[in-house]
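Below you'll find the structure I mean.
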Amino acid sequence: MSLFGRGAPTPSGAVNQERIEMAINEIDMVSDVFNRIVSSCHSKCISPRYAEGDLNKGESVCIDRCVAKFFEVNKKVGEKMQSAGANA
Amino acid sequence: IEKKQMQDFLRLYSGLVERCFTSCCNDFTSKALSSKEEQCVLNCSDKFLKHSERVGQRFAELNAEAMGVPKP
Amino acid sequence: IEKKQMQDFLRLYSGLVERCFTSCCNDFTSKALSSKEEQCVLNCSDKFLKHSERVGQRFAELNAEAMGVPKP
Amino acid sequence: MSLFGRGAPTPSGAVNQERIEMAINEIDMVSDVFNRIVSSCHSKCISPRYAEGDLNKGESVCIDRCVAKFFEVNKKVGEKMQSAGANA
Amino acid sequence: IEKKQMQDFLRLYSGLVERCFTSCCNDFTSKALSSKEEQCVLNCSDKFLKHSERVGQRFAELNAEAMGVPKP
Amino acid sequence: MSLFGRGAPTPSGAVNQERIEMAINEIDMVSDVFNRIVSSCHSKCISPRYAEGDLNKGESVCIDRCVAKFFEVNKKVGEKMQSAGANA
(Lines give C-alpha, C1' and ligand atoms only; values in the text may rest on other atoms or scores of the structure.)
Protein backbone atom coordinates (compact mmCIF):
# COMPACT_ATOMS: atom_id res chain seq x y z
CA MET A 1 0.00 0.00 0.00
CA SER A 2 2.78 2.38 0.82
CA LEU A 3 5.63 3.15 -1.48
CA PHE A 4 7.98 2.87 1.44
CA GLY A 5 6.47 -0.07 3.23
CA ARG A 6 9.10 -2.76 3.84
CA GLY A 7 7.07 -5.14 5.92
CA ALA A 8 7.29 -5.23 9.68
CA PRO A 9 10.85 -4.21 10.69
CA THR A 10 10.30 -0.47 11.35
CA PRO A 11 6.74 -0.08 12.64
CA SER A 12 6.65 3.46 13.97
CA GLY A 13 9.15 4.83 11.48
CA ALA A 14 7.23 3.52 8.48
CA VAL A 15 3.97 4.93 9.74
CA ASN A 16 5.43 8.37 10.24
CA GLN A 17 6.92 8.29 6.77
CA GLU A 18 3.56 7.40 5.31
CA ARG A 19 1.71 10.08 7.19
CA ILE A 20 4.22 12.67 6.14
CA GLU A 21 3.81 11.56 2.53
CA MET A 22 0.05 11.93 2.76
CA ALA A 23 0.28 15.32 4.39
CA ILE A 24 2.63 16.49 1.67
CA ASN A 25 0.29 15.23 -1.02
CA GLU A 26 -2.59 17.10 0.47
CA ILE A 27 -0.60 20.29 0.80
CA ASP A 28 0.47 19.83 -2.82
CA MET A 29 -3.11 19.56 -3.93
CA VAL A 30 -4.40 22.52 -1.96
CA SER A 31 -1.53 24.67 -3.10
CA ASP A 32 -2.15 23.60 -6.71
CA VAL A 33 -5.75 24.78 -6.45
CA PHE A 34 -4.72 27.94 -4.63
CA ASN A 35 -2.18 28.79 -7.31
CA ARG A 36 -4.74 28.26 -10.04
CA ILE A 37 -7.14 30.63 -8.30
CA VAL A 38 -4.42 33.24 -7.82
CA SER A 39 -3.57 33.03 -11.49
CA SER A 40 -7.14 32.92 -12.87
CA CYS A 41 -8.43 35.73 -10.71
CA HIS A 42 -5.37 37.82 -11.47
CA SER A 43 -6.20 37.51 -15.20
CA LYS A 44 -9.86 38.27 -14.58
CA CYS A 45 -9.54 41.13 -12.11
CA ILE A 46 -6.20 42.93 -12.26
CA SER A 47 -5.63 45.48 -14.98
CA PRO A 48 -2.15 44.98 -16.44
CA ARG A 49 -1.30 48.67 -16.57
CA TYR A 50 0.15 48.84 -13.07
CA ALA A 51 -0.22 52.56 -12.57
CA GLU A 52 -0.25 51.99 -8.81
CA GLY A 53 0.71 49.26 -6.34
CA ASP A 54 -2.53 49.10 -4.37
CA LEU A 55 -5.62 47.13 -5.23
CA ASN A 56 -8.35 49.58 -6.15
CA LYS A 57 -11.94 49.13 -4.95
CA GLY A 58 -13.13 47.48 -8.17
CA GLU A 59 -10.25 45.02 -8.19
CA SER A 60 -10.81 44.10 -4.55
CA VAL A 61 -14.49 43.38 -5.04
CA CYS A 62 -13.74 41.47 -8.22
CA ILE A 63 -11.23 39.26 -6.37
CA ASP A 64 -13.75 38.37 -3.66
CA ARG A 65 -16.38 37.38 -6.19
CA CYS A 66 -13.87 35.62 -8.39
CA VAL A 67 -12.63 33.37 -5.58
CA ALA A 68 -16.21 32.57 -4.54
CA LYS A 69 -17.16 31.77 -8.13
CA PHE A 70 -14.14 29.54 -8.57
CA PHE A 71 -15.25 27.56 -5.53
CA GLU A 72 -18.74 27.26 -7.02
CA VAL A 73 -17.31 25.96 -10.27
CA ASN A 74 -15.12 23.55 -8.37
CA LYS A 75 -18.17 22.26 -6.54
CA LYS A 76 -20.31 21.88 -9.67
CA VAL A 77 -17.57 20.02 -11.49
CA GLY A 78 -17.00 17.78 -8.48
CA GLU A 79 -20.70 16.91 -8.29
CA LYS A 80 -20.79 16.22 -12.01
CA MET A 81 -17.81 13.91 -11.82
CA GLN A 82 -19.19 12.03 -8.85
CA SER A 83 -22.46 11.38 -10.63
CA ALA A 84 -20.53 10.42 -13.79
CA GLY A 85 -18.46 8.03 -11.69
CA ALA A 86 -21.63 6.57 -10.18
CA ASN A 87 -23.10 5.89 -13.63
CA ALA A 88 -19.93 4.47 -15.17
CA ILE B 1 2.16 4.20 -8.06
CA GLU B 2 -1.47 4.32 -6.98
CA LYS B 3 -0.59 7.60 -5.33
CA LYS B 4 0.88 8.85 -8.61
CA GLN B 5 -2.35 8.05 -10.46
CA MET B 6 -4.33 9.79 -7.77
CA GLN B 7 -2.13 12.84 -8.17
CA ASP B 8 -2.50 12.78 -11.94
CA PHE B 9 -6.24 12.51 -11.59
CA LEU B 10 -6.38 15.44 -9.18
CA ARG B 11 -4.22 17.53 -11.44
CA LEU B 12 -6.44 16.74 -14.41
CA TYR B 13 -9.41 17.64 -12.30
CA SER B 14 -8.09 20.98 -11.13
CA GLY B 15 -6.92 21.77 -14.67
CA LEU B 16 -10.45 21.13 -15.86
CA VAL B 17 -11.92 23.40 -13.21
CA GLU B 18 -9.51 26.17 -14.14
CA ARG B 19 -10.18 25.80 -17.84
CA CYS B 20 -13.96 25.82 -17.52
CA PHE B 21 -13.85 28.68 -15.06
CA THR B 22 -11.74 30.72 -17.48
CA SER B 23 -13.99 29.98 -20.46
CA CYS B 24 -17.33 30.35 -18.76
CA CYS B 25 -17.05 32.99 -16.04
CA ASN B 26 -16.56 36.54 -17.17
CA ASP B 27 -19.09 38.43 -15.16
CA PHE B 28 -17.96 39.47 -11.69
CA THR B 29 -20.86 41.73 -10.80
CA SER B 30 -22.10 38.83 -8.68
CA LYS B 31 -20.41 36.08 -6.72
CA ALA B 32 -23.07 33.50 -7.58
CA LEU B 33 -22.94 31.46 -10.78
CA SER B 34 -25.64 32.55 -13.24
CA SER B 35 -27.68 29.73 -14.77
CA LYS B 36 -25.99 30.46 -18.09
CA GLU B 37 -22.54 30.17 -16.52
CA GLU B 38 -23.57 27.00 -14.75
CA GLN B 39 -24.76 25.39 -17.99
CA CYS B 40 -21.55 26.43 -19.67
CA VAL B 41 -19.48 24.86 -16.88
CA LEU B 42 -21.43 21.61 -17.06
CA ASN B 43 -21.07 21.39 -20.83
CA CYS B 44 -17.43 22.38 -20.63
CA SER B 45 -16.50 19.72 -18.11
CA ASP B 46 -18.59 17.12 -19.91
CA LYS B 47 -16.86 17.92 -23.14
CA PHE B 48 -13.45 18.04 -21.55
CA LEU B 49 -13.86 14.56 -20.12
CA LYS B 50 -15.01 13.19 -23.46
CA HIS B 51 -12.13 14.96 -25.12
CA SER B 52 -9.60 13.50 -22.67
CA GLU B 53 -11.08 10.06 -23.11
CA ARG B 54 -10.84 10.25 -26.89
CA VAL B 55 -7.28 11.58 -26.72
CA GLY B 56 -6.49 8.70 -24.36
CA GLN B 57 -7.81 6.12 -26.84
CA ARG B 58 -5.81 7.53 -29.75
CA PHE B 59 -2.78 7.93 -27.51
CA ALA B 60 -2.92 4.29 -26.46
CA GLU B 61 -3.28 3.11 -30.06
CA LEU B 62 -0.44 5.23 -31.35
CA ASN B 63 1.74 4.30 -28.41
CA ALA B 64 1.15 0.63 -29.12
CA GLU B 65 2.08 1.20 -32.77
CA ALA B 66 5.21 3.06 -31.80
CA MET B 67 6.43 0.31 -29.46
CA GLY B 68 9.92 -0.79 -30.32
CA VAL B 69 10.73 2.57 -31.87
CA PRO B 70 13.73 4.08 -30.00
CA LYS B 71 12.70 6.76 -27.55
CA PRO B 72 13.68 10.37 -28.29
CA ILE C 1 6.89 20.13 5.29
CA GLU C 2 8.89 23.28 5.95
CA LYS C 3 10.78 22.42 2.79
CA LYS C 4 7.49 22.16 0.94
CA GLN C 5 6.44 25.63 2.08
CA MET C 6 9.81 27.00 1.06
CA GLN C 7 9.36 25.48 -2.37
CA ASP C 8 5.85 26.89 -2.68
CA PHE C 9 7.11 30.29 -1.69
CA LEU C 10 9.92 30.16 -4.23
CA ARG C 11 7.55 29.07 -6.95
CA LEU C 12 5.18 31.92 -6.12
CA TYR C 13 8.13 34.25 -6.18
CA SER C 14 9.45 33.15 -9.54
CA GLY C 15 5.92 33.17 -10.97
CA LEU C 16 5.59 36.76 -9.82
CA VAL C 17 8.87 37.72 -11.46
CA GLU C 18 7.81 36.09 -14.71
CA ARG C 19 4.41 37.74 -14.67
CA CYS C 20 5.71 41.23 -13.96
CA PHE C 21 8.51 40.83 -16.48
CA THR C 22 5.99 39.82 -19.14
CA SER C 23 3.62 42.70 -18.36
CA CYS C 24 6.19 45.44 -17.90
CA CYS C 25 9.12 44.76 -20.20
CA ASN C 26 8.49 45.14 -23.89
CA ASP C 27 11.40 47.22 -25.04
CA PHE C 28 14.56 45.31 -25.86
CA THR C 29 16.54 48.11 -27.41
CA SER C 30 18.43 48.26 -24.11
CA LYS C 31 19.38 45.70 -21.50
CA ALA C 32 18.84 48.09 -18.59
CA LEU C 33 15.44 48.58 -17.00
CA SER C 34 14.00 52.00 -17.85
CA SER C 35 12.61 53.98 -14.91
CA LYS C 36 9.13 53.44 -16.34
CA GLU C 37 9.66 49.70 -16.50
CA GLU C 38 11.08 49.69 -13.00
CA GLN C 39 8.08 51.53 -11.60
CA CYS C 40 5.78 49.12 -13.41
CA VAL C 41 7.62 46.13 -11.94
CA LEU C 42 7.43 47.57 -8.43
CA ASN C 43 3.70 48.27 -8.73
CA CYS C 44 3.10 44.92 -10.35
CA SER C 45 4.82 42.93 -7.61
CA ASP C 46 3.22 45.05 -4.92
CA LYS C 47 -0.19 44.46 -6.41
CA PHE C 48 0.46 40.79 -6.98
CA LEU C 49 1.34 40.27 -3.33
CA LYS C 50 -1.77 42.12 -2.18
CA HIS C 51 -3.81 40.13 -4.66
CA SER C 52 -2.39 36.81 -3.39
CA GLU C 53 -2.99 37.85 0.17
CA ARG C 54 -6.62 38.73 -0.52
CA VAL C 55 -7.17 35.50 -2.43
CA GLY C 56 -5.60 33.67 0.51
CA GLN C 57 -8.05 35.26 2.97
CA ARG C 58 -11.11 34.40 0.87
CA PHE C 59 -9.70 30.96 0.19
CA ALA C 60 -9.28 30.27 3.89
CA GLU C 61 -12.81 31.48 4.68
CA LEU C 62 -14.43 29.44 1.91
CA ASN C 63 -12.34 26.41 2.78
CA ALA C 64 -13.49 26.64 6.37
CA GLU C 65 -17.12 26.89 5.22
CA ALA C 66 -16.68 23.90 2.94
CA MET C 67 -15.26 21.67 5.70
CA GLY C 68 -17.12 18.44 5.99
CA VAL C 69 -18.22 18.57 2.38
CA PRO C 70 -16.98 15.43 0.60
CA LYS C 71 -13.89 16.11 -1.48
CA PRO C 72 -14.23 15.99 -5.27
CA MET D 1 23.89 5.20 -9.69
CA SER D 2 20.86 5.29 -7.45
CA LEU D 3 19.94 8.18 -5.26
CA PHE D 4 19.10 5.75 -2.52
CA GLY D 5 21.94 3.26 -2.89
CA ARG D 6 23.76 2.81 0.40
CA GLY D 7 26.07 -0.01 -0.57
CA ALA D 8 25.33 -3.64 0.19
CA PRO D 9 23.24 -3.79 3.41
CA THR D 10 19.71 -3.99 1.91
CA PRO D 11 19.99 -5.89 -1.38
CA SER D 12 16.40 -6.69 -2.33
CA GLY D 13 14.89 -3.64 -0.66
CA ALA D 14 17.21 -1.25 -2.46
CA VAL D 15 16.51 -2.80 -5.83
CA ASN D 16 12.76 -2.52 -5.38
CA GLN D 17 13.12 1.09 -4.37
CA GLU D 18 15.13 1.81 -7.50
CA ARG D 19 12.72 0.06 -9.79
CA ILE D 20 9.80 1.89 -8.28
CA GLU D 21 11.65 5.17 -8.79
CA MET D 22 12.25 4.36 -12.43
CA ALA D 23 8.68 3.29 -13.03
CA ILE D 24 7.44 6.51 -11.46
CA ASN D 25 9.75 8.57 -13.65
CA GLU D 26 8.47 6.89 -16.75
CA ILE D 27 4.85 7.35 -15.74
CA ASP D 28 5.68 10.98 -15.02
CA MET D 29 7.07 11.44 -18.49
CA VAL D 30 4.25 9.72 -20.32
CA SER D 31 1.64 11.60 -18.34
CA ASP D 32 3.49 14.87 -19.06
CA VAL D 33 3.25 14.19 -22.80
CA PHE D 34 -0.35 13.04 -22.50
CA ASN D 35 -1.33 16.20 -20.64
CA ARG D 36 0.34 18.36 -23.25
CA ILE D 37 -1.60 16.59 -26.00
CA VAL D 38 -4.88 16.95 -24.11
CA SER D 39 -4.20 20.64 -23.69
CA SER D 40 -2.91 21.36 -27.22
CA CYS D 41 -5.64 19.45 -28.99
CA HIS D 42 -8.27 21.01 -26.76
CA SER D 43 -7.10 24.44 -27.92
CA LYS D 44 -6.96 23.35 -31.54
CA CYS D 45 -10.23 21.41 -31.77
CA ILE D 46 -12.75 22.39 -29.11
CA SER D 47 -14.82 25.49 -29.64
CA PRO D 48 -14.99 27.45 -26.36
CA ARG D 49 -18.68 28.23 -26.64
CA TYR D 50 -19.88 25.08 -24.87
CA ALA D 51 -23.39 25.08 -26.24
CA GLU D 52 -23.54 21.34 -25.63
CA GLY D 53 -21.66 18.70 -23.67
CA ASP D 54 -21.02 16.21 -26.46
CA LEU D 55 -18.19 16.26 -28.93
CA ASN D 56 -19.62 17.00 -32.34
CA LYS D 57 -18.49 15.17 -35.47
CA GLY D 58 -16.01 17.87 -36.51
CA GLU D 59 -14.43 18.02 -33.07
CA SER D 60 -14.08 14.25 -32.90
CA VAL D 61 -12.35 14.01 -36.26
CA CYS D 62 -10.15 16.95 -35.38
CA ILE D 63 -9.05 15.27 -32.14
CA ASP D 64 -8.06 12.05 -33.95
CA ARG D 65 -5.95 13.95 -36.46
CA CYS D 66 -4.54 16.25 -33.84
CA VAL D 67 -3.24 13.40 -31.69
CA ALA D 68 -1.74 11.68 -34.74
CA LYS D 69 -0.07 14.91 -35.83
CA PHE D 70 1.33 15.53 -32.37
CA PHE D 71 2.94 12.09 -32.48
CA GLU D 72 4.40 12.93 -35.90
CA VAL D 73 5.86 16.16 -34.57
CA ASN D 74 7.22 14.33 -31.56
CA LYS D 75 8.94 11.85 -33.88
CA LYS D 76 10.40 14.50 -36.18
CA VAL D 77 11.77 16.48 -33.26
CA GLY D 78 13.20 13.31 -31.73
CA GLU D 79 14.98 12.41 -34.97
CA LYS D 80 16.33 15.91 -35.27
CA MET D 81 17.68 15.91 -31.76
CA GLN D 82 19.29 12.53 -32.18
CA SER D 83 21.11 13.64 -35.32
CA ALA D 84 22.07 16.91 -33.59
CA GLY D 85 23.40 14.85 -30.68
CA ALA D 86 25.36 12.66 -33.09
CA ASN D 87 27.01 15.70 -34.69
CA ALA D 88 27.76 17.52 -31.46
CA ILE E 1 20.98 14.15 -9.55
CA GLU E 2 21.63 12.53 -12.93
CA LYS E 3 18.00 11.52 -12.80
CA LYS E 4 17.04 15.15 -12.17
CA GLN E 5 18.96 16.30 -15.22
CA MET E 6 17.34 13.60 -17.31
CA GLN E 7 13.95 14.78 -16.12
CA ASP E 8 14.78 18.39 -16.90
CA PHE E 9 15.95 17.40 -20.35
CA LEU E 10 12.78 15.44 -21.02
CA ARG E 11 10.63 18.29 -19.84
CA LEU E 12 12.51 20.72 -22.09
CA TYR E 13 12.05 18.28 -24.92
CA SER E 14 8.34 17.82 -24.49
CA GLY E 15 7.91 21.57 -24.02
CA LEU E 16 9.66 22.07 -27.35
CA VAL E 17 7.40 19.56 -29.07
CA GLU E 18 4.32 21.26 -27.68
CA ARG E 19 5.51 24.72 -28.65
CA CYS E 20 6.42 23.78 -32.22
CA PHE E 21 3.24 21.80 -32.65
CA THR E 22 1.20 24.78 -31.49
CA SER E 23 3.01 27.22 -33.78
CA CYS E 24 3.24 25.04 -36.88
CA CYS E 25 0.18 22.83 -37.02
CA ASN E 26 -3.11 24.51 -37.72
CA ASP E 27 -4.61 22.38 -40.42
CA PHE E 28 -6.51 19.34 -39.23
CA THR E 29 -8.05 18.29 -42.52
CA SER E 30 -5.37 15.62 -42.62
CA LYS E 31 -3.55 13.60 -39.98
CA ALA E 32 -0.25 13.64 -41.87
CA LEU E 33 2.22 16.50 -41.53
CA SER E 34 2.34 18.58 -44.72
CA SER E 35 5.83 19.36 -46.04
CA LYS E 36 5.28 22.98 -45.05
CA GLU E 37 4.37 21.99 -41.50
CA GLU E 38 7.33 19.65 -41.35
CA GLN E 39 9.74 22.37 -42.41
CA CYS E 40 8.23 24.70 -39.85
CA VAL E 41 8.67 22.10 -37.11
CA LEU E 42 12.29 21.50 -38.05
CA ASN E 43 13.08 25.23 -38.09
CA CYS E 44 11.15 25.76 -34.89
CA SER E 45 12.98 23.07 -32.96
CA ASP E 46 16.32 24.13 -34.42
CA LYS E 47 15.68 27.70 -33.37
CA PHE E 48 14.39 26.70 -29.98
CA LEU E 49 17.54 24.75 -29.20
CA LYS E 50 19.76 27.63 -30.30
CA HIS E 51 17.61 29.98 -28.28
CA SER E 52 17.89 27.81 -25.16
CA GLU E 53 21.62 27.51 -25.64
CA ARG E 54 22.06 31.25 -25.91
CA VAL E 55 19.85 31.86 -22.88
CA GLY E 56 21.95 29.27 -21.05
CA GLN E 57 25.18 31.12 -21.85
CA ARG E 58 23.86 34.49 -20.69
CA PHE E 59 22.27 32.86 -17.67
CA ALA E 60 25.57 31.29 -16.64
CA GLU E 61 27.45 34.58 -17.07
CA LEU E 62 24.92 36.60 -15.12
CA ASN E 63 24.69 33.95 -12.44
CA ALA E 64 28.46 34.04 -12.03
CA GLU E 65 28.35 37.85 -11.75
CA ALA E 66 25.60 37.66 -9.17
CA MET E 67 27.46 35.19 -6.93
CA GLY E 68 27.73 36.41 -3.40
CA VAL E 69 24.60 38.50 -3.77
CA PRO E 70 22.05 37.39 -1.15
CA LYS E 71 19.37 35.20 -2.62
CA PRO E 72 15.84 36.57 -2.82
CA MET F 1 14.45 19.32 10.74
CA SER F 2 14.90 16.73 8.04
CA LEU F 3 12.09 14.81 6.50
CA PHE F 4 14.18 11.69 6.67
CA GLY F 5 15.85 12.17 10.02
CA ARG F 6 15.32 9.11 12.24
CA GLY F 7 17.50 10.08 15.11
CA ALA F 8 21.03 8.75 15.56
CA PRO F 9 21.20 5.24 14.02
CA THR F 10 22.58 6.11 10.57
CA PRO F 11 24.85 9.14 11.01
CA SER F 12 26.70 9.47 7.72
CA GLY F 13 23.95 7.97 5.57
CA ALA F 14 21.33 10.36 6.90
CA VAL F 15 23.54 13.36 6.30
CA ASN F 16 24.19 12.40 2.71
CA GLN F 17 20.50 11.94 2.13
CA GLU F 18 19.79 15.40 3.47
CA ARG F 19 22.50 17.04 1.43
CA ILE F 20 21.26 15.33 -1.69
CA GLU F 21 17.76 16.59 -0.92
CA MET F 22 19.00 20.13 -0.56
CA ALA F 23 21.06 19.96 -3.73
CA ILE F 24 18.04 18.68 -5.62
CA ASN F 25 15.89 21.47 -4.26
CA GLU F 26 18.38 24.07 -5.37
CA ILE F 27 18.69 22.54 -8.83
CA ASP F 28 14.90 22.49 -9.00
CA MET F 29 14.74 26.18 -8.22
CA VAL F 30 17.44 27.24 -10.64
CA SER F 31 15.96 25.17 -13.40
CA ASP F 32 12.52 26.62 -12.67
CA VAL F 33 13.90 30.14 -13.14
CA PHE F 34 15.87 29.10 -16.20
CA ASN F 35 12.80 27.57 -17.81
CA ARG F 36 10.80 30.71 -17.14
CA ILE F 37 13.47 32.81 -18.82
CA VAL F 38 13.63 30.47 -21.81
CA SER F 39 9.89 30.70 -22.18
CA SER F 40 9.50 34.47 -21.56
CA CYS F 41 12.36 35.46 -23.84
CA HIS F 42 11.15 33.09 -26.52
CA SER F 43 7.80 34.89 -26.51
CA LYS F 44 9.47 38.30 -26.50
CA CYS F 45 12.19 37.70 -29.08
CA ILE F 46 11.45 34.83 -31.45
CA SER F 47 9.12 35.44 -34.36
CA PRO F 48 6.73 32.50 -34.69
CA ARG F 49 7.01 32.27 -38.47
CA TYR F 50 9.98 29.89 -38.49
CA ALA F 51 11.16 30.65 -42.01
CA GLU F 52 14.64 29.51 -41.01
CA GLY F 53 16.31 27.52 -38.23
CA ASP F 54 18.99 30.00 -37.24
CA LEU F 55 18.65 32.89 -34.85
CA ASN F 56 18.93 36.08 -36.83
CA LYS F 57 20.94 39.07 -35.60
CA GLY F 58 17.92 40.88 -34.15
CA GLU F 59 16.73 37.81 -32.28
CA SER F 60 20.19 37.16 -30.84
CA VAL F 61 20.59 40.69 -29.54
CA CYS F 62 17.05 40.61 -28.17
CA ILE F 63 17.79 37.39 -26.26
CA ASP F 64 20.90 38.86 -24.62
CA ARG F 65 19.02 41.93 -23.45
CA CYS F 66 16.00 39.93 -22.46
CA VAL F 67 17.96 37.63 -20.15
CA ALA F 68 19.76 40.60 -18.61
CA LYS F 69 16.47 42.42 -18.06
CA PHE F 70 14.89 39.36 -16.50
CA PHE F 71 17.75 39.25 -13.99
CA GLU F 72 17.21 42.94 -13.24
CA VAL F 73 13.52 42.34 -12.61
CA ASN F 74 14.36 39.37 -10.43
CA LYS F 75 16.70 41.55 -8.38
CA LYS F 76 14.22 44.42 -8.01
CA VAL F 77 11.46 42.09 -6.91
CA GLY F 78 13.81 40.36 -4.48
CA GLU F 79 14.80 43.69 -2.91
CA LYS F 80 11.17 44.72 -2.67
CA MET F 81 10.19 41.52 -0.93
CA GLN F 82 13.04 41.69 1.50
CA SER F 83 12.10 45.22 2.54
CA ALA F 84 8.45 44.17 2.71
CA GLY F 85 9.49 41.24 4.92
CA ALA F 86 11.49 43.59 7.13
CA ASN F 87 8.49 45.90 7.62
CA ALA F 88 5.98 43.13 8.20
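Letters A, B, C, D, E and F mark the chains in the order given here, with residues in each chain numbered from 1 onward.
What we mean here is this: a contact is a pair of C-beta atoms (placed from the backbone, for glycine too) under 8 Å apart; a residue touches a chain by one contact, two chains touch by 3 or more.
Molecules present, by chain and UniProt name: A, D, F = Mitochondrial import inner membrane translocase subunit.
Keep in mind it's a predicted model, so treat the numbers as computed, not measured.
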Fill in: Contact-graph distance - origin chain B, target chain D
1
Worksheet item: Taking B-D as the reference interface, which entry in C-F, D-E or E-F shares over half of its contact pairs by residue number?
Response: E-F
Worksheet item: What chain lies farthest away from chain E once each centre is taken as the mean of the Cα atoms?
Response: A
Worksheet item: Which whole number of Å gives the spacing of the CA centres of chain B and chain C?
Response: 25
Worksheet item: Taking each chain's centre as the mean position of its Cα atoms, how many Å separate chain C from chain D?
Response: 29
Worksheet item: Counting only residues that touch at least 2 other chains, which ones in chain A make the list?
Response: 3, 20, 28, 39, 45, 64, 68, 74, 77-78, 81
Fill in: Interface hub residues of chain C, defined as touching at least two other chains
1, 11, 13, 15, 20, 24, 42, 46, 72
Worksheet item: Where on chain F is chain C touching in the complex?
Response: 1, 3, 21, 25, 28-29, 32-33, 36, 39-40, 43-45, 61-62, 64-66, 68-70, 72-74, 76-77, 80-81, 84
Worksheet entry | Sites on chain B touched by chain A in the complex | 1-3, 6-7, 10-11, 13-18, 20-22, 24-26, 28-33, 37-38, 41-42, 45-46, 49
Discussion item. Help me check something: in the complex, which residues belonging to chain A touch chain C?
Written reply: 20, 23-24, 27-28, 31, 34-35, 37-39, 41-42, 45-46, 48, 50-55, 59-60, 63-64, 67-68, 71, 74-75, 77-78, 81-82
Worksheet entry | Residues of chain B defined as touching chain D within the complex | 1, 4, 8, 11-12, 15, 19-20, 23-24, 39-40, 42-44, 46-48, 50-52, 54-56, 58-59, 62, 66, 69-72
